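Naming follows writing order (A, B, C and D), and every chain is counted from residue 1.
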Amino acid sequence: MEASFEPRITAFVCNWCTYTGADLAGTSRLPMASNVRIIRLPCTGRIDHLFVAKAFERGADGVIVSGCHPADCHYTAGNYHARRRFGVFRELLSFLGVDPRRLTFSWVSASEGGKWADVVNETVARVRELGPFDAYHRLADAPVPDGDPFAALESATPRADGAGENEPSGVHASEPGRGRAAATGGSGA
Amino acid sequence: MTELQDAARRLLEEGTVQVVIGWEAGRRGARPVFVTDSADCDRLVFDARCVHDLAVFLNPRRSQVAGLGKAAVVVKGCDAKAVAGLLRESQLGRDDVVLIGVRCGGVAAGPDGAEPPALTAETVAARCHGCDVREPAGVDVLVGAPQPEPPVAPTPDERVAALDALSPAERLAFWTAELARCTQCYACRQACPLCYCERCVVEKSEPQWVETSPHARGNFAWHLTRAQHLAGRCVGCGECERACPVGIPLGLINRKLQQVVYQLYGYTVSDDPAVPAPIGAYAVDDTQDFIR
Amino acid sequence: MTLAYYPGCSMHGTSREYEESLLAVAAALGLDFAEIDDWSCCGASSAHAADHLLGVALPARNLALAEAQGADRVLAPCAACYNRLSGAAHAVAEEPGLAARVRDVLERPFANTVKVLSIVELLRGLAPAIEERVAARLEPDPLAHLSVATYWGCLLVRPPLATGFDDAEQPTGMDEVVAACGARPVRWNMAVECCGGAFSIARTSSVLRLSRAIIDDARRCGADAIVAACPLCHANLDFRQSAMSMKGAPPMPVLYITQLVGLALGLPLDLLGFDRHFVDTQPLLARLADDARRAAAGAAEREAARAAKAAARAQAGAAAATAAGGGGERTAPAGAVP
Amino acid sequence: MSRIGVFVCHCGENIARTVDCAAVADALREHPGVVRAEDYKYMCSDPGQQLVKKAIEEDGLTGVVVCACSPHMHETTFRRAAAQAGLNPFVVEMANIREHCSWIHDDRERATAKAIDIGRTIVEKVKQDRPLETIRIPVTKRALVIGGGIAGIQAALDIADGGHEVVLVEKEASIGGHMSQLSETFPTLDCSQCILTPRMVEAYQHPRITLHTWSEIEKVDGYIGNFTVTIRKKARSVDENLCNGCGDCQAACPSRKVASEFDAGLGKRTAISTPFPQAVPNIPVLDRANCTLFKGRAKGLAKDACGKCKEACLKGAIDYDTEDTFVTEEVGAIVVATGFQLYDIGREQPAGLKGYGEYGYGEVPDVIDGLQFERLASASGPTGGEILRPSDGAVPRTVVFVKCVGSRDPEKGMSYCSKICCMYTAKHTMLYKHKVHDGRAVVFYMDIRAAGKGYDEFSRRAIEEDGAEYVRGRVSRIFRDGDVVKVWGYDTLSGRQVVIDADMVVLATAVRPQPGIAELAQKLSVSYDQDGFLNEAHPKLRPVETNTAGVYLAGACQAPRDIPESVAMASATAAKVLGLFSADELERDPSVALVNERTCSGCFHCERVCPYGAVEHRDVCDMEGHVCGHVAWVNPGVCQGCGTCVAVCPSKSVELAGFTDSQVYAEINALAGW
């Protein structure tokens, strides 16, 4: 299966630098892996973290976000804002268990057709290494952990006033590695 | 205590405000109380049980609260940061509210007794670890005697670090197990002083970015979005985690992002509304070693 | 805020008058500091030329000791010591990896938390206090007619990145202190020029040439004395002056800034070590004393005048009372004019 | 229900070689919502476009997808074609299967599969496309020019000659700016006033130019095409309509010892005066700070201490009781040409600046700056063009020129290069040597930066023909030593210290923006850099525009500029303004942001990230009409369509037309399970 595995990469790129850079790669006839599908946006500033999450949700094995180099932004600052948001979002995804190597961020200018080809090929190679990422897509089938999710409520003493009263039994859940994923039980939607 | 009650009484009697939002002692821990009659001011308390971040009631969209008239709200240092957030994001005018600051020596993790628990490393709330605002800033009235340092509890950072140490796959497994239990009841959102949107993105159906089906994937979408929206804004009051009926350790995610915005942009959530939040601002030389 | 004191080799030796006056002034201003226990040479002026690590480690050792004593600031009155100590602190803070290397060499903990203070920085901070004390003195300010040229030398404000408490080309801190003392700082041109420094022995001729240019300019700009904050500068300007041909010009006294402050505070002269200079400071001190005496006399007269006036007025008032408000007022002042 | 037409282009062999175009058409024909899909050799050819038009008419298409080349190539072509067939052009999109597919892959099977994916993605997007109308903004065809220096004058003249009204505002009493102070100009040494004054008069007499001198910008409202500007006309005490510029008042004025700003403090003027004889307009200003009468009034004297100018004025033009007045002008475009000032490097400095006290400027009278030397060398100057040093009026035998004073000095001064100093210093040495033949001109320099037509030749001339001595190195200290000015420097080429006994020293001090530039920038919502120079919209591609649409930059307010550059920039701004004025309405790409006021929470993240200040606050009122909140509103006239606001909106209450969330969502979904 791994042998025949072809990564599916969604690329969100800005219209002025990277998209034009990809055009240049074309006019320069630079061969590159055919696993990338480009979605064109005016500016990296327009690229929302929801796009990335949704792409993974829909079964993308990797995502590329690419735009203008600092100081080259057609809108002067969109890329700076994107850089901040994605600097944070990348860490967040990683913390929740999405391997950051499935995400490529790059600055590719309109004159960097070659760099675009490299970004594409490197990303495809890296993601091929990592294998398919249907894990995220299949999250929908993750079993709900053993027992009734509201067990916590029942185990807690009767409530007097306000939802605030009940200290969640979440503390124990914070011992990392506790293999609840393995637990069986009613499967989700 | 009387200092607090007197302050409240004065504000009500002078007609400066129509309601004082504070805490009162309940049979099981403290609970929020809305005092509209100065005679009731003696119900107001402040002790280690007063965990709730009352800034949440300042959301202008809570019409039932707004309906009571101009409010004075009792705030701990961490709550004052939330108020600063609301001011920073134009949800509130400084003159729309009177802030009664209480000096705080830390609150308990799960206070449910009739008496304030003694704070020990076991009982103190994780959020009090390394607290830098035990005396709230920018308040109108400051009451209470200076408090001692809260006892040092095991910090959330240790748990975050433990997760960081895992492989992505293990982390995904951990969070799958946690988030699979989420029912998308949005208690975390309702308890959050900074989740004030008129219409939450999860309720936007055209398009439906966030899957509302309460399976792990939809729940990931929800908690990803919520966390990202709170990046650089979350004051770490811990209310989301406390409100979660199925005990998802949301505090870990918020804590992680606090670390990230600090590491990347040297930003810690400020109690000064004039300090801009990190998302929405930028520096030309921001770190970009994650960008090829 | 505890302050450690790093005397370095000169304060106990060639510039004892500097240390004496410093201690006297510190006592008078209620400033207490502890000499760093077991301090060692700061490395000036050869170590940093020989080897970078050595040049940093030597001063760093003393900073580490100060840290160990629980100090958060250390005073290095000698400009060279100050330069080496602050230079080391800056290097350790800026150069990646250096801190670790220095700790290895020192074999002791070193967090580089101590701020290095020059004498000028310290006194500038105390200027308001000094001004207060001077104003509070009973006898009128003895330095009112004293013009001094404040001489910085090359080490106190250079390199700007390491020192940086004042402008490297046009520093003003010493002038502020002098003004607080009630004396007049002159505008002159040699404040940060080199006096020849450590070449005092090796190339005396150069030192004479350079130092003389400094003294000439001070004189030309109307200074009665030069005020310095560096033992080496002081040696070159004071000790070497006799060897300079001054074409009959009177010698130029060279004081330490601490001595000037001592004078302003009215401390006993024998505490300030004026007898240790090569250029005789007696004529200057005598003149100042003279000024003071004249000023005091003037003050006394004015005082007497006031008293007489008051007396007369009282008397006249009485007269007026009896003589149904006669012109007593008019005559009163006349009697009061000395 | 969408009715999409898909047209797959072979682009001769360019696409067909590696992509099976027929297969692509077949696949897409099966795609939901597609009612027609065909392939053709050259879609962009006339017959190709005819296919599209025909399909639109026959099948009543609601959207068109052309699978061909990059949208940067032919999007406009097909959108125009669609428009001709009566379809809204904004529902036509390109699927790039050439640059992004056929040209970069050789595996026919995979390339075809990818082409189908790309087609599907765009089909899904087009399904979500909405017809858009080009935004039209009415344009007030009048321009405001701020600053009456050479840049402002040039811009005003070009725009006015282009047939549009111009309002020219100058804060001084006369237009002309710094150029009117200069003696000769490099690299031709032609007399500055000889070439400038005709332009000044031309601007003054131009039927379409309204001149407000002694005036400043008070307030700016509105946006491109529709600015409302309030101008403060400072109290002049002289009626501009009555005054005929006879000059009797100046002759009569008793306070004659006021330092002349025009002569850079080297000359004297009267309290009521015109800055210089050729002033335009030739109408004096009464400088109240230095007027005996007003000083008396300030002291609270019962009766006026003077009144000679009023008596002297036969036209009765002088009125001591005038106040500042305000005029409002409606304009469609604004040109900022506020120019520069020289860094006053004296000992006393405002916070943030260190100055160069060691150079004795402001203390040693014979240490002057470049503008002061211009006045000394100018025939209209205080010395009538003779080079005489200020202290004693003697002819300086040795003059030292110091370049880069405050420039290229991150430690103490400005980090940037002031650009004009190399040339004007070379000019100064020439002017000096031409007037004092046996004089000695020594120049301390870091580099000689003489890039420009005829510039290097010029500076070479100063050295080789006029014998200026260039010393490469910095100066450490300048001070008076008896009769001479001592200059201590270092010659980095010979490695020696240099001490020069000069008679006069000329400092080429740094060029800085005018004081008050920050306040003006805020009124115009134009950004400025750390040195206070106004920021252009794009350093390479939009050098005279700003991020505030309709506001343009000319001359030294944007960076140090010499005269030719300032004039060129001015004409460039005029071209931009005339372009803007060429149509009654300003047409703008409808791809702009739109806020959903019902769901906006008024957190204004959007406002914080908008590079163009396009986001405004709008009040929300309750039933009784009381303001009960605020929401964001994006001004379509200002928005440039980057969409940064959309990404940061937590509740997704702002959309970017043409790239809506629904469109992107559809594209992402189209790729699901490819």
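The criterion applied here is as follows: a contact is a pair of C-beta atoms (placed from the backbone, for glycine too) under 8 Å apart; a residue touches a chain by one contact, two chains touch by 3 or more.
Note that this is a predicted model, so its numbers are computed, not measured.
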A-B or B-D, whichever has more C-beta pairs in contact: A-B
Most centrally placed chain - per-chain CA mean versus overall CA mean: D
Gap in Å, rounded to a whole number, between the CA centres of chain C and chain B: 55
Whole-Å separation of chain centres (CA-atom averages), chain A against chain C: 65
Gap in Å, rounded to a whole number, between the CA centres of chain B and chain A: 28
Inter-centroid spacing, chain D versus chain B (mean Cα positions, whole Å): 46
Residue list for chain A, restricted to those that touch at least two other chains: 49-50, 54, 71, 77, 81, 85
Residue list for chain B, restricted to those that touch at least two other chains: 209, 279-281
Residue list for chain D, restricted to those that touch at least two other chains: 609, 648, 661, 665
In contact (per the touch rule at the top): chain pairs: A-B, A-D, B-D, C-D
Residues of chain A defined as touching chain D within the complex: 8, 10, 19-20, 22-27, 29-32, 34, 37-43, 45-51, 54-55, 58-60, 71, 74-78, 81-82, 85, 117
Touching residues on chain B, where the partner in the complex is chain D: 60-61, 89-91, 196-201, 204, 206-207, 209, 229, 276, 279-281
Touching residues (chain side chain D, partner chain C) in the complex: 347, 354-358, 363, 411-412, 476-477, 479, 481, 486
For the chain D and chain A complex, residues of the former touching the latter: 70-72, 96, 98-101, 103-107, 110-111, 113-114, 117-118, 121, 537-539, 547, 591, 609, 611-612, 640-644, 646-648, 656, 659, 661, 664-665, 667-669, 671-674
Complex interface listing, chain C residues touching chain D: 160, 167, 169-170, 187, 189, 193, 220
